[in-house]
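The first chain written gets the first letter, and so on, giving A, B and C; residue counts start at 1 in each chain.
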Amino acid sequence: MNLKTVDTAGSNSMHAQPDTHPDPQVRPYLDIHEQGREALPGERVEWHANWRHGCLQRFADQGFPTLRDEEWRYTSVRPILSKRFAPAEDSGLMPDSSAYRIEGIAHTLVFVDGIMQGPAAPLGMDAGIRVDSISRVLENDPERIRPYLGKSAEERAHGFSLMNNALYRDGVLVEIGQGVRSDAPLELLFVSRTDAALILPRILIVARNNSVARIVERHVSETGTSSLTSGVGELYLEPGAHLDYHLVESQSDSAFQVSGNWAYLSRDSRLDFHTTTVGGALVRNDLVIDMQEPGAQCNLMGAYCLSGRQHVDNFTTVVHSAPHCSSNEHYKGVLDRRSRAVFHGRIRVAPDAQQTDAQQANNTLLLSPDAEIDTKPQLEIYANDVKCSHGATIGNLDEQAMFYLKSRGIDGDKARLMLIRAFVDEVLEAVGPDSVQQHVKALMDSKLSRLPISTKSG
Amino acid sequence: MLTIENLRASVEGKEILNGISLEVQAGEVHAVMGPNGSGKSTLANVLAGRDEYEVTGGTVRFKGQDLLDLEPEIRAREGLFLAFQYPVEIPGVSNVHMLKAALNTLRKHRGEEELDAVSFLRLVKEKAALVGMKQEFLYRSVNQGFSGGEKKRNEILQMSLFEPSLSVLDETDSGLDIDALKIVAEGVNSLRSPDRAMLVVTHYQRLLEYIVPDYVHVLAHGRIIRSGGKELAHELEDRGYGWIEQHARTA
Amino acid sequence: MNEQIHADKELASLAQREYKEGFVTDIDADTLPPGLDEDVIRTISRKKEEPEFLLEWRLDAYRRWLDMEEPGWPHLHYPKIDFQQISYFSAPKQKKLLDSLDEVDPKLLETYEKLGIPLDEQKALAGVKVAVDAVFDSVSVVTTFKETLAEAGVIFCPLSEAVKEHPDLVQKYLGSVVPAGDNYYAALNSAVFSEGSFVYVPKGVRCPMELSTYFRINAMNTGQFERTLIVADEDSYVSYLEGCTAPMRDENQLHAAVVELVAMKGAEIKYSTVQNWYPGDEEGKGGIYNFVTKRGICKGGGSKISWTQVETGSAITWKYPSVVLEGDNSIGEFYSVALTGNYQQADTGTKMVHIGKNATSTIISKGISAGHGQNSYRGLVKVLKGADNARNYSQCDSLLMGDKCGAHTFPYMEVKNPSAVVEHEATTSKISEDQLFYCRQRGLSEEDAVSMIVNGFCKEVFKELPMEFAVEAQKLLGISLEGAVG
């Protein structure tokens, strides 16, 4: 059995001394911290400064993940580490946001190279939704976010999220007031403009009791820039809250993205999390859902369509910490050319989490002889009264369906597109707001129309 | 055969049976009717000994023994049979294997010799034909992939195989079309005899067209509010449960 | 609620069943003192009168092993093994290899009789014919039906004998499927392996009877490192069974075996295991550490390898019987039942590696966890680039009994060919109260009801076992026989 070994041994207790740090891949980022230290928010807030320093230390000790880490066994970050990324200067120029506008979304916060543009609160927003810059909150009222900010680092964290913790310069806090019900999506639009920019998005969402809200986190690039986005999102759902979250990744095909979202669900809350990925050279999406109290539920939906040499790794972890919670997860992917997708679906059911219902599925269409899918579901179950299942399928288009369509006079390419689109539609149709659904469908169509579709059917 | 006195029972702390008294003699068929939530199924399950139901008062004597004192399997071996409203599926366990194991346990309990595979198969095929069950169902996993009607037929097959002295039929008619209902009823009727009794629990009068009861009891809010002959069932069909409940209140 | 408690109690008693094979045979043994170095390996090789090539092979493996690390990825927890505290060779004192039962120490015969292993050909004739190679600690005690098999051209003998009688075959195939440096435990085995069986089935021969090896650990502080090699030449067929037991001891004992299967064009090998090493007591004390590398290669077109295992013993099980599907149109199968009760831990599964075209693999795994048992399925389905039209179906079901055990599933799927169809399904559940009550209402005791339901859960795997073994397997699970009329 040569399943690769996990590097379980923690690294030696090395201290974060940038100039002497032996790992040349980590050193530049420690330098960035050293040089930009003064400008970092929250350095005068003791708890925050301590936390940040702790993360820096861990990042220095741990470095970036390697293939020897079981959780990264299919994704090599070498392409990221072979380049140098640094925070971009604030150009002060708003991008032509109309180019990125989604029909039907009224409230958009724009971040250029990770820096928030304009005033935090978009005009005309529901008054019950408070939007602030994290650096401002740290300056004026740090206690307000103390219970929330940085909690994700308490668990096992990889080098990229630790780097964000250590280096992030600003972020956005969205607080949805108790009982507020808002159908209009709030969009957080991240535009990468400068080549080799290090972008460190930081998102903190607190959904108060019985609130209902929709958030879209979208990543785009201006003209083929190759940036590194390493984001951390922390989502808190108080009892009865319902959050509908859409992560849309349509950045340039040379962009790198490692994003992590951690969600904490209280009693009877519900999270719908949709991930759509069409862009990026190397994308890793970590999604960790902790259902901490009874009655919580989550639906995780993912769709990805890859071509060229794109590599996308969706690593999801669903933790059932309390009884009577349900989770449903469905990821679907279409892989062409030399693209590679990784799906890693971990479900953990804690000893007391009885009456758990956890379902998971991953389906992949391989369109090219050079594409690759590595899928690794993982059930860890410590409670006995549970209903858990997962399924995975990998295959090509259904030949019989192809034949049927052709026999009805539809030409081969068109038939193929129809079937592929129908395959991903199952997931896309679940996207809640029409505006966002239209957008992700359009993204998918445009991507599909550009696919050379290298295999012949048959 | 069966004497129920002032039986009270609750589920998860909620009182469902509110003092039921009922006497069933050998050879009799009793129907227990009532609207949804009246406690019909609870009565059937309490008699069979299901754990979720807590008996909070009263006594049940079955063939001279304290029934409530017995484990479910002992009740079964003593001759109490419950035809389930929702027969459960048991994947991988073949129907015929379960039937043989159960029948031989019963026979052993009665001091009869266990049947060998050959004579058992002969018997079970004969009984299957009686309830119109295809032989392939014998070799399938217990109730797995059976339609509603097939499941109920399987219950009646077991009943005719085990020859219980008291059969409790819990909503055996639910989910059956008229043809299936007739077959099931025929199976039940063929078992009627002077030394056996039956308790037929049902919401609708329809079943009682085919299994004609000697007595009809109407259950509401966990109590028997009216008892009578088979004509009571017709009256109920015509006038609805509302009528009788009102009647009971004003009486 | 109570139903579940009853069920748990019931299964606890099943899982805590008495280990009937736990007795010790009091016999003089030639045992090496504990410890491992090159001299120990030379001594083993000398005692077995091995040719030079084998000694060199062992030493090479040993040197590789020294550079390797014990794998950390399995979902298993146990104290570090001190490999210097283990004795690497133990043999009951007797003269050479024996051809007749009359010469075998009666104590040994008695041991196997107690275990129910038929060593007497005359007695066996009355029933089903199974040829047995009985391995006691580090040596083979006797091999039955050798002549009958020889008539068919089948070679079935202890590996140490094959090394002398058929060195060319051994040299050609030993380590060809599991190389000496394959993994930590395989390397250790390659260095110190002591005994095992060798099977060669010539072209076109259908082996006239089931072959089986019965492994028995007896000596204290001794590891068992057997190595089995089965070669099925073109268009041949063989069914092979393996059984194992050990005395109850408070110390953990190490068993690190290697099994290699080679199926040439059109050949079929069916390999069944009922693993019943001592699992330790109800407090988790003692028991065998079972670290086994089993792999088969479907070398030729249309060949087939099928692994069936029933794993009820051992304190720790680490084992992934695998198939490398090199030939076009080849077939790989893996059927497994693993029961972990008390404090047993199992991390077991399979690897199916698709290389040839149109190859099919099937994985059916049933895990049952009770008590404090931890049961993990770990499997890899790998479809390489040229493996057109690869088909895999995997199904892993877990049954949980009690609230202190765990069931885990770690399937890996790596697919590099667009014409592949790979499907995986997994479920985890418990015996429902409804199922138990239904059976009890039909007069069955809880014990019988639980047995029946568990047996039903495992049925897809049991039906793959040869009849005799299926019976033993069901007994092992404490389950009354199903299927006599079904």
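Simple rule for what comes next: a residue touches a chain if its C-beta (ideal position, glycine included) is under 8 Å from a C-beta of that chain, and two chains touch if they have at least 3 such contacts.
All values derive from a computational prediction rather than experimental measurement.
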Required minimum of steps from chain A to chain B, each step between chains that touch | 2
Reference chain B; chain at largest CA-centroid distance | A
Among the chains in this structure, which pair is joined by the largest number of C-beta pairs in contact?
-> A-C
Chain A-chain B separation of Cα centroids, rounded to whole Å = 56
Could you grab the centroid distance between chain A and chain C? Build each centroid from C-alpha atoms only and quote it in angstrom.
-> 43
Whole-angstrom distance, CA centroid of chain B to CA centroid of chain C, is 49
Which residue numbers or ranges of chain B touch two or more of the other chains?
-> none
Interface with chain B, chain C side, in the complex: residues 1-3, 432-435, 437-446, 448, 452-453, 455-460, 480, 482-486
Of chain C, residues touching chain A in the complex | 4, 69, 71-73, 75, 182-183, 293, 320, 322, 351, 378, 380, 385, 398, 400-430
Quick one: in the complex, what on chain B touches chain C?
-> 48-52, 71-73, 75-77, 81-82, 84, 87-88, 90-94, 96-98, 100-102, 105-106, 109, 117, 120-121, 139, 141, 158, 162
Of all residues in chain A, which touch chain C in the complex?
-> 1-6, 8, 70, 74, 351, 354, 364, 366-396, 455
